[in-house]
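Below is a structure I'd like to ask you about.
Labels for the chains are A, B, C and D, by order of writing; each one numbers its residues from 1.
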Amino acid sequence: MDQNLLDDLVAANRILAEHGVIDAYGHVSLRSPDNPNRFFLARAIAPKTVQLEDILEYDLDSNPIDARGAQSVNERFIHSEIYRARPDVMSVVHNHSPSLIPFSVTGVKMRALFHMASFIGEGLPNFEIRKVKKGSDLLVRDSGLGKALAKTLGGSAATLMRGHGSAVTGDSLVRAVGRSIYLEMSAKMQMQAMLLSKKITYFDAGEVKASAPVQDYKRAWPLWREKALAQAKAGRL
Amino acid sequence: MDQNLLDDLVAANRILAEHGVIDAYGHVSLRSPDNPNRFFLARAIAPKTVQLEDILEYDLDSNPIDARGAQSVNERFIHSEIYRARPDVMSVVHNHSPSLIPFSVTGVKMRALFHMASFIGEGLPNFEIRKVKKGSDLLVRDSGLGKALAKTLGGSAATLMRGHGSAVTGDSLVRAVGRSIYLEMSAKMQMQAMLLSKKITYFDAGEVKASAPVQDYKRAWPLWREKALAQAKAGRL
Amino acid sequence: MDQNLLDDLVAANRILAEHGVIDAYGHVSLRSPDNPNRFFLARAIAPKTVQLEDILEYDLDSNPIDARGAQSVNERFIHSEIYRARPDVMSVVHNHSPSLIPFSVTGVKMRALFHMASFIGEGLPNFEIRKVKKGSDLLVRDSGLGKALAKTLGGSAATLMRGHGSAVTGDSLVRAVGRSIYLEMSAKMQMQAMLLSKKITYFDAGEVKASAPVQDYKRAWPLWREKALAQAKAGRL
Amino acid sequence: MDQNLLDDLVAANRILAEHGVIDAYGHVSLRSPDNPNRFFLARAIAPKTVQLEDILEYDLDSNPIDARGAQSVNERFIHSEIYRARPDVMSVVHNHSPSLIPFSVTGVKMRALFHMASFIGEGLPNFEIRKVKKGSDLLVRDSGLGKALAKTLGGSAATLMRGHGSAVTGDSLVRAVGRSIYLEMSAKMQMQAMLLSKKITYFDAGEVKASAPVQDYKRAWPLWREKALAQAKAGRL
């Protein structure tokens, strides 16, 4: 496995924490470029403390290839089942992104209104775990719940998870991370816009189609990555 | 007394300050694991400056065992009376958590809508000191007020305090700290959800029952603690 | 003049900036303890850059005793005229505290709802410069405007300034600084409470009377001061 | 070209990022004081990473004078067409200032209510790219779109850009930067004021006329610049 890609994954953990998308919880994974039936994900520790040696490899049943005695995150099935259902997805972020929760519990539809998060316009479903399992702790703890989540996600870039957060995908790690960051910002902006007026100009279909592929977050990545890896090297929290 | 546990308590002071739950005021205590009629609490200084030598031991009448000339916090009765009334409680946080004040002064009920703060669903009373003492400065300055607060708390995990903040408990220090942090976040989310819609999907009884015990904040603790103790050692504010 | 007190004033500049009450603008002054007709105020630079050598002494006509070639702040008349009108005031903060502006431009009355800012309950007037001078740049540029402001302030602890900020007083520097910090927080809380409900439990007269004198912010001061002076010494911005 | 002015431009990139007006995107330019048909703008990298060697010189057709192999920002036409249309403008900031987006998508008019952003009172148009190009990605990618933006801007100090951000001008770099920072703050204040009340006292014409020229942000600049250049020298992100 390319060392550079695993460094990217270490960086991604810290970048998401730095932007308030995840805190001591949440996780980000990368599908193996060598084997589409494998993915990389850190063991069950706070993302800001993740180092290279904390990253484990999993198969699509969420079994670690070599656990090395480490505890896996309970919700790794979010990742494995999305990878199974969506061959186009190369990276998955699961977060408790704070501005998404109000949308997830009210069912108010998120819509594209900021060009950096225009991918919202392709549709953003909301996973209601209660429809699948009553009286749950809301955690996606097994492959059954993971499959239900992946089904709700469908072909979208991301799905909200009611009372919990979201799962965000990308055809690259950079895109999954960038979408997570700007999804949080867009949620704040939409809340504010809805308080200001009932008449909001959202992106139209043509604008979504033109804008979403353009937003690859590649200008941001070197800035984010360099800062994150410098902190990782220094062992700074 | 276990040095490690007292380090935990030093860390807890800084962790709560770092998360904006307390500022130059507020305090956190730990019931002695050796003697259920004793607890540890820092002297009357700003939490971010607390070091090991600032921690005093108290009995359940809030008398310091050995004051060593230090000034005790006026509101230590919040701690002693909760420990007296609630044998299951091992740690108490008193804070001025900013997003709780609007709920405390409006009587709008906080409800569980975010899995990290699902314990809210077990009920969150609101202590109205005016019912006990008219024209007070709102401080819980004596055992009478402490007892009234503990009575309002009842069997709940936490109680708001009108125009003042809250008292949050846990069966461990980690849980009292974690609950305090996610209670503040959940309050913000609920305010936003209420502005977005009148129809909110709160946790149902089954979800509260399944989720609340699971949330122990143990994944977060090593991250929080390590950072806090590094700052304490460096004397950084 | 006591070096310690001037250090307090240097610290106060940085403390207010650190808490978001002032930014590159705003100022804080201290009445001379040796001569009630004199006060100390930094020259016209950004508060976060203030050092001991930037502090000038003024008389109550806002004339510098020894300008040493330094430029005075235009709005020093806020300070001099409040000191002239209010012998009890030992310190004045002028700020652009962001959460106060919405109150100042709507005329919505700020009321005491948080014990750390209970002094609001003694009344918080709003200075409308337009009543004194039409077509102004809103700056209190001369003694006439300063006198009008002091008249609006009357016997209150602070006055809002429409579209501009506020002037906050104290019988000590610590109190003027502490009140400024908690006034900003209280404004945020009141905005949120008003969005949550039309029925808010404000402090009653007895509570204001009991609480306001108690809040002296003395527990916070050593924390704030130590951090501020460490940064001042290091020349950190 | 004056080295000091280019240092100003490096600093401006970091200052805007530090204040949350730009993040990994957005840009700021400076018209050459030596040749009004030329301007300076960093190559397509995140503003916080900009150093002296990243700055390129452009003509008013947005052609780099000497590209040195560097990639130019797609939206440089915002700058060139504003410089062409407005000889009085010496600096242009393009940002995704988050509190402006809700105004841009609702058409709620921003008005002057805070003296530090009184220039809003001279009028703040909103560029609707859809009127010029249907199904766009919202980016100002060519001179035609740049001209349309400049036409919307007219003689104003700034224009919102629907679903995208804003373009802010100044007769100096300091003014364009200062206006960008206080425009973001003023948007927040106006949202809050509108939630508090339907009756808001905005600046009247006389106050706008008196205040706008006075606000030159010169007291802030040394603070902002020194901090930014210290970070740039240290290579800190």
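Throughout what follows, a contact is a pair of C-beta atoms (placed from the backbone, for glycine too) under 8 Å apart; a residue touches a chain by one contact, two chains touch by 3 or more.
Note that the coordinates shown come from a computational prediction; the quantities given were computed from them, not determined experimentally.
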Shared interface partners, meaning chains that touch subunit A and subunit B: none
How big is the rotation relating subunit C to subunit D when the fit is done on Cα atoms? Please round to the nearest 5 degrees. 90
Same residues or different residues: which describes how subunit A and subunit D meet, taking over half shared numbers as same? different
Inter-chain centre distance, subunit B versus subunit C - centres from mean C-alpha coordinates, in Å: 32
Centroid of subunit A to centroid of subunit C, CA atoms only: how many Å? 45
Counting only residues that touch at least 2 other chains, which ones in subunit B make the list? 195
Among line, ring, star, complete and other, which best matches the way these chains touch? ring
Chains touch one another in the pairs A-B, A-D, B-C, C-D
Residue numbers on subunit B that touch subunit A, as the complex places them: 113-116, 118, 185, 188-189, 192-193, 195-197, 199-204, 206-207, 209-211, 214, 217, 219-220, 222-224, 226-227, 230
Residue numbers of subunit C touching subunit D in their complex, please. 23-25, 44-46, 48-49, 96, 98-99, 101-103, 105-108, 128, 130, 134-139, 162-164, 191, 194-195, 237
